[in-house]
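Both complexes shown next keep chain A, but they swap its partner, so chain B is in the first and chain C is in the second.
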Partner chain A sequence: MIWLRERAVLVSAVILAVVVLAAIPRLAEPYYITLVLPAFAYGIALLGFNLLFGYTGLLSFGHALFVAIGAYGAAVLSSKLGVRSFELIVLIAGLAAVTAAIPVALLAVRYVRIFFGILTLAFGMLFHSFLFKFYDITGGDTGIRVLRPSLFGNDFKELDKIAFMIGPFYYYCLALLVVLGLVMWRIVHSPFGLHLAAIRENPRKAQYLGVRVRLFRFIAFLISAFYCAVGGAILAINTGQADPELAYWTHSGELVFMTVLGGFANFFGPLVGAFSFIFLKSELMGATQYWRFFLGVTLVLIVVLFPRGLIGLAQDLWSKARRR
Partner chain B sequence: MSALIETIGIGKAYGDFVALQDVSLSIAEGELVSIVGPNGAGKTTFVNVITGLLKPTAGVVRFKGSDIAGIGPVMLAKRGMARAFQLVHIFPAMTVAETIAVAVLSQTGKSLRLFASVKSDEALRSRVREVAAIFGLEGKLEAESRLLSQGEKKLLDIASAFALAPEVILLDEPTSGVSSADKHSIMKTLIDAGERAGVKAIILVEHDMDLVAEYSSRIVALQGGKVLADRPPAEFFGDPEIVAAVVGKLVGKLARKD
Partner chain C sequence: MTAFFDILIGGVFHAAVLFLVAAGLQLVFGVQKIVNLACGSFYALGAYFGISSVNWAIAAGLPPVSFLPVLVASGVLLGVIGPFIEALLRTVYHRDEAFQLLLTFALVLMFQDVLRFFWGANPQQLGNLSMVYGKIAIGAVQVPTYNVLVILASVLIAVGIGAFLQRTRFGRILRATAENREMSEALGVNVRRIYASVFTLGTVLGTVGGALVVPTAAASLDIPVELVVEAFAVVVIGGLGSMRGALAGALIVGLMRAAAISFYAELEILAIYLVVIVVLIARPAGLFGKPVE
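Right, the complex of A and B next:
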């Protein structure tokens, strides 16, 4: 019964969050609305990232690679190949990332901890330098423009760019976040998800229970790449540009930052992390030129004081309040 | 009686060091075979060979008639042999039910279901309860493994191995770290669990000669990488020379008890 009540609280909280997010375009200033879009993008990317980090126990320092593939996929498809359908863009960019992830994952899942981290970092940097050197294909440091996509075949010509972004595109991305969130919820609560947790907890024991550790890590890696690419495609459309910064290793670091900030041990942690990070960064950037310093201090405080992230902090406060 | 496990002339060398030499034995259905010997006798190497973890440098190792040399833990589990280690291996942050579920799912070939629900799988839940009940863990199903007592962790570790519904199970010092008062009850639980789970043979690696004497149907003694004795307990312990030669310093322990 307690379990049922917890579930009811959870479902209500999620519905409330979706309703609030859906209401934002009617309530908030356009500036803040445009901040929510990258939060949706990172939310989706981090759902995938955390399948690997929080659930499987593999910390990648190179997942900006897949975000960038999503972004460049959207750029190449929309401005070079004339593909405007956002559904197609998401699908093709996602599959491109999965394809690129295959060789990376095949090698990386043979390793754990720091070795896994360094390998993914190396692949990320490799891709970053590829974007710089192959100017003809990638546009070098200026990148490639991303054109406005059509949604379900509708290109909303009557809307200007801002109106499109805070209107149909906003709701589309919210819906995408909800759908991909539900899919990820199913994955982590499936037999597959349970096996990933077993691998994180004790890979040797998992093997003796018949779990094919590398295969499961491999599949989790590919799923994470797909989610990151979808997030990358949204990011690129939001800024109208795919540039090499997206693949830079500090961007991978930001993915880790957001996940730790929100709490990697909880399903919703990365989502909370994405939203908090975007707004924190924007406020700090507006307030001081030393925003990187303050972001760093925030991360240090979170890791030292609330290792379970903002979600962990919220859980502690909630259980304290209930005990009173 | 058909042999479940059969080794013929197993040898294992690490460079110049010979860990095993010409070890031949077979284990049949219904047996509980204890493997004993002093430290450095080659016990660990031998059990690693017959569980497919190590590839022998000479000889053949067969399980149910097929070669299992170096097949690795995953294939071993799939073929029907489970192994529990001396050191407790658990999934600290997972509950008792989840831990057993991992084994049941893997054994029933449901591991790769990405979108199925673990919670609503009734067959899985009843199987998990059944396995937990055998080991007296049914009241702890929702407890996190790391919060269990040391004895319960040990039982959970072994329970998850039994949940694979193996034909053969290898128990590496299953009572280590358990108070001597509890040793017999744990051994009885294990043997009872084996019968209920349809386990056809148990291989026991054990230092405690009381347990070996009481529960084995056969004792294989290794020394210096070779088989020195392969006999039923009565014959084994009836021969003081063998006991002295094979069990070494453990004899003193037995003698003090008498």
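Right, the complex of A and C next:
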């Protein structure tokens, strides 16, 4: 049976990827390893974002808002409230994002397309200006410090920051990515996920068939907010600081960029996109001070020539090779 | 009383400049259904190029009083980039809105470094050049003549655009294309040329707006990304695609900004976004826009 073989290929590819990622701390220099952590963070965030964009068809230009909530949640919990357990931080930051997402989603899912984008952009910038202006609560433009969390109650006091980041924390985040990835896989392959695809393709028809369009969009929105917050928490712990620029609309734009770079029509696209973007950006920043220009050019090329992203490109090359 | 008047003039001045950018956005959205995230970048380009033009003009010996026409001319001159960018956007017209947005976002990224390349990372300004025009007395208060001139210019342009759209043949064709592209094409309209012209016009409105504002504000690399949010606030409040909406929205945002800065600076930006959200909830079409589903 063909589908069984494709499944086997897929599963082995994923296992291979996980093994490679797990081996990186042994093989690569600390510099590259410190790039992989943000890639994990964005990978998780984008899994959530793409539930809303790729699967439900709603393009949000304000999802950096939830990444920022995750980051500031981790910051406030660790440095102001003394909560050091990473499990608690992830959970609480995620729930905080979901709570914040409820009013946003309630309003936003009533609209589609450009209005949805503008509304989410407005909410994102609202949060940004709140973070920026209310110095007493949010630390203004400097933000709030984020302290090292404890993993499963273990402080790892004997390790310095770098050793902690490329050691226990790295593996923890990799595991978190795998677990959350599995959960998202189940979500998109469940009836709920199929309903989302129906809503994306033809909302009116879906509604006619009895699908509760607004409710499902709302739920997808909340789930995406949770994932973004988890990503944000990891980001903040990695850099040690939560700052307001995490909520700026251009950061939301980068989330979309990464998703489309990898390929938004594929489950693994956002993950590929997160890793590719982080490394691309890092290399460009090292090569020229005009890296934004070349990032822009990359985006132009993707949009015009490779709209299905890197995964789409790979699929095209693969099917061309098989035809030979 | 003078304080109130200062706020009023300041707000209307800001509104005048915002109107130009918003009008550009509305034109492009109305006809081509594209939301141009790079409108702020055009504005900033106009600002930077305006500063350079004025400096060149003065170095070439022109009297300082001539800087207003120089600014307007430099803004119009920048319109040459319009057709090129439109040609790029042409590749995604038939595609999903998301790609159009992303393409304009890519332009934002690229423009950031283009501006940085030509003018550096430090903010630039023209100093007190606007004072060359002196102050004019309106009633009991003194206002800088330059601000009044810009407001008048903006009003003239608004009236001009209105007349152009309503009275001229080209304007009617534009409105027809905005209403129903396929039908216009079927009736023989060269939609490609229309799109190129409209986009160039929208670009010029943005660059002229930026050029006009430089005597009173600095040109910095933050402008492209910051202005987008304000411009969006204007078109949302006014209604996407409506010129009257651009005018109304610009006035509302401009005056609110001026009032907020004077009374409670922290609320300044927050107030604008809150109004945007309230408008989107209560009347998503904005004040003058067409109702949506």
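The working rule: the second predicted complex is superposed on the first by the 324 of 324 C-alpha atoms of A that agree within 3 Å, B and C clash if a C-alpha of one lies under 4 Å from a C-alpha of the other, contacts with A are read in each partner's own complex, and residues count from 1 in each chain.
Basically, contacts are C-beta pairs under 8 Å (C-beta built on N, C-alpha and C of every residue); 3 or more make two chains touch, one makes a residue touch a chain.
Fair warning: this is a prediction, and the values are worked out from it, not measured in the lab.
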Clash or fit: chain B against chain C, after overlaying the two structures on chain A?
fit
Arrangement angle, chain B at one end, chain C at the other, chain A at the vertex (C-alpha, nearest 10°)
80
Counting only touches as set out at the top, which of chain B and chain C does A:R186 meet: first, second, both, neither?
first
Is A:A198 contacted by the first partner chain B, the second partner chain C, both or neither?
first
Considering only the touch criterion stated at the top, classify A:L235 as touching first (chain B), second (chain C), both, or neither.
neither
Chain A: partner with more touched residues, chain B or chain C:
C
Which partner does A:L261 contact after superposing on A: first (chain B), second (chain C), both, neither?
neither
Thinking of the overlay built on chain A, is A:G210 touched by chain B (first), by chain C (second), by both, or by neither?
first
After superposition on the shared chain, which partner residues are touched by A:I278: those of chain B (first), chain C (second), both, or neither?
neither
Nearest Cα pair across chain B and chain C, whole Å
14
Under the definition above, what is the set of chain A residues touching chain C in their complex?
53, 59, 61, 107, 110-115, 117-119, 121-123, 125-126, 129-130, 133-134, 248-250, 253, 256-257, 260, 289-293, 295-297, 299-300, 303-304, 307
Could you pull out which chain C residues touch chain A in their complex?
35, 37, 88, 91-92, 95, 97-99, 101-103, 105-114, 116-117, 225, 228-229, 232-233, 236, 240, 266, 269-270, 273-274, 276-277, 280-281, 284, 292-293
Going by the contact rule set out above, which residues of chain A touch chain B in the complex?
183, 186-187, 189-195, 197-198, 201-202, 204-213, 216, 219
Enumerate the contact residues on chain B facing chain A in the complex.
72-74, 76-78, 82-83, 85, 89-94, 98-99, 101-103, 105-107, 110-119, 121, 157, 160-161, 163-164
